[in-house]
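Each of the next two complexes has chain A plus one more chain, namely chain B in the first and chain C in the second.
Presenting the complex of A and B:
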């Protein structure tokens, strides 16, 4: 990620932007890229989790309540990863 | 195997119960968050942390509500709601931060720390409760009567000479303990 930011800063420095502007643009693009990457993993995880949970409910409808409880907690735990990525993004972008 | 399109989850939603329980537990986190934020970042930190805690609770409730509503339609729709709801809620959190980022009271560091730590703390707290409830349903907090308080039902129905293992279950479904006589 830092290599990407360095490359972007180098490219931008070769243009008409000042060094501070180039650094800001590179930081913003890196932060957005990091946030996008951080959301991919949880997206895959939630898709897999929910798919398996629906399959379990289809196999055993009588245990759908327990499966849904576990699924909800699993979704929330997986979402914590995306939240960590989001917090890193706002700290990089806005602080 | 039944068709996921035809499976409906009737009755009260377990996800909504879990989310409401998480919201109830979050009240206990407020003093901790306030004290830590006030010690390090002052009033602005407290406001930012409370905003983050509110986002966490609303996020849980919204996720559970979407699962509850779509689960009554079908399991496949619930799966779609879980996936697109994930994107929707991330967008809403982003919007919530974007709205306040230029205000005077927002401190993004305590906001971010509170967002992650309270989310994980509430989940681990709830997970312990849920796993214990699934493993030992008779040990729910509301289902543990005080065995030393006399109750007319147990003293009438359970003879005192029965061994604990042979005693009938009480109104809470517990076996083994009856009120002492005398």
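Presenting the complex of A and C:
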């Protein structure tokens, strides 16, 4: 985080940047942080979810099909947060 | 954190030094315009402008139609060859998508879900097909239209089977204390009618775009590092990664089509029986 603050302070202190350039620099330097932070929660969530699904399948192999479908559903819902983070990354970096 | 900064600074210096050895430049990533702006193959600027994405979408529409036409033209009781494959795909959608998400009465939605799976899957698979290397669903327009189809579909099914009571049961879930409706109803409205189609579209779009950018990154690394410099040793790492990710994206292409159809089925199932 201090790197982000450092970049922001440098950009703000320098007077020879136009507003658009300053926005570009700040956006590019915060894009990585935005995606990194957005990936933490879904990463933990998907790991826990798949771990529990594997456990369920190991305990009851006959219900593996149903567990798998439910697992994919859960992954899809959890993963959406990380993907919105990725879209935010693209927006910060390139738009 | 300060140590990290110094490390990053050192790495940047090393990378700059290394790139100067090849006459400057370093790793040149293609600009983002390459996946945002597509020149038209013909009819530039007019209503009939037709670019690569439109071509891939047309292929993704025509190929399944032809496959099902030829599979069903001389349908026999004991399926052979093509008919066998297509029946297996219908069976997959029935067993993996409809039965767990809707139940037996969901079989009437089989044509729509199968069409969705095939359109999304074939559009996605062009991500790893040489000479194309672009998934049609990495443009927001395609996932958005598909998500709006699903949105209209599940609201339509809900209204058809439950009348306007569908909105009542969706917005005012039973068994909640009266005062809490102030809190619950706006949340339910947002999550059911706005966030559902949005997340459905963004899930497909961002997955395919991320996969495309991932493959581009490793391809660019492989191309740039190729030469008589010590950096060519990195190729030993980056090229197997490119191959592995190509295989991974081939899997993701199908998984996203499956998940899109599964979520559509879940939403339709929820609209059919809003009490659950």
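Here, the second predicted complex is superposed on the first by the 74 of 95 C-alpha atoms of A that agree within 3 Å, B and C clash if a C-alpha of one lies under 4 Å from a C-alpha of the other, contacts with A are read in each partner's own complex, and residues count from 1 in each chain.
The working rule: contacts are C-beta pairs under 8 Å (C-beta built on N, C-alpha and C of every residue); 3 or more make two chains touch, one makes a residue touch a chain.
What you see is a predicted model; the values in this text were computed from it and never measured.
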| item | value |
| --- | --- |
| When chain B and chain C are modelled together on chain A, clash or fit | clash |
| First (chain B), second (chain C), both or neither touched by A:46 | first |
| Contacts of A:6 with chain B and chain C, given as first, second, both or neither | second |
| Chain B versus chain C as contact partner of A:72, first or second or both or neither | both |
| First (chain B), second (chain C), both or neither touched by A:94 | both |
| First (chain B), second (chain C), both or neither touched by A:80 | both |
| Which partner, chain B or chain C, touches more chain A residues | B |
| Against chain C, colliding segment of chain B, chosen among 5-13, 23-31 or 167-175 | 23-31 |
| Chain B and chain C contact sites that coincide on chain A, given as residue numbers | 65-66, 69-70, 72-73, 75-76, 79-80, 83-84, 86-87, 90, 94 |
| Chain B partner contacts - residues on chain A that touch it in the complex | 39, 42-43, 46-47, 50-51, 53-55, 57-59, 61, 64-66, 68-73, 75-77, 79-80, 82-84, 86-87, 90-91, 94-95 |
| Residue ranges of chain A in contact with chain C within the complex | 1-3, 6, 65-66, 69-70, 72-73, 75-76, 79-80, 83-84, 86-87, 90, 93-94 |
| Partner chain A, residues of chain C touching it in the complex | 1-2, 4-5, 8, 32, 95-96, 100-101, 199, 202-203, 205-207, 209-210, 255, 258-259, 262-263, 266 |
| Residues of chain B touching chain A in the complex | 1-4, 7, 9, 11, 13-15, 18-19, 59-60, 63-64, 67, 71, 75-76, 78-79, 82-83, 86-87, 89-90, 93-94, 97, 101, 108-109, 111-113, 115-116, 119-120, 123, 126-127, 130, 134 |
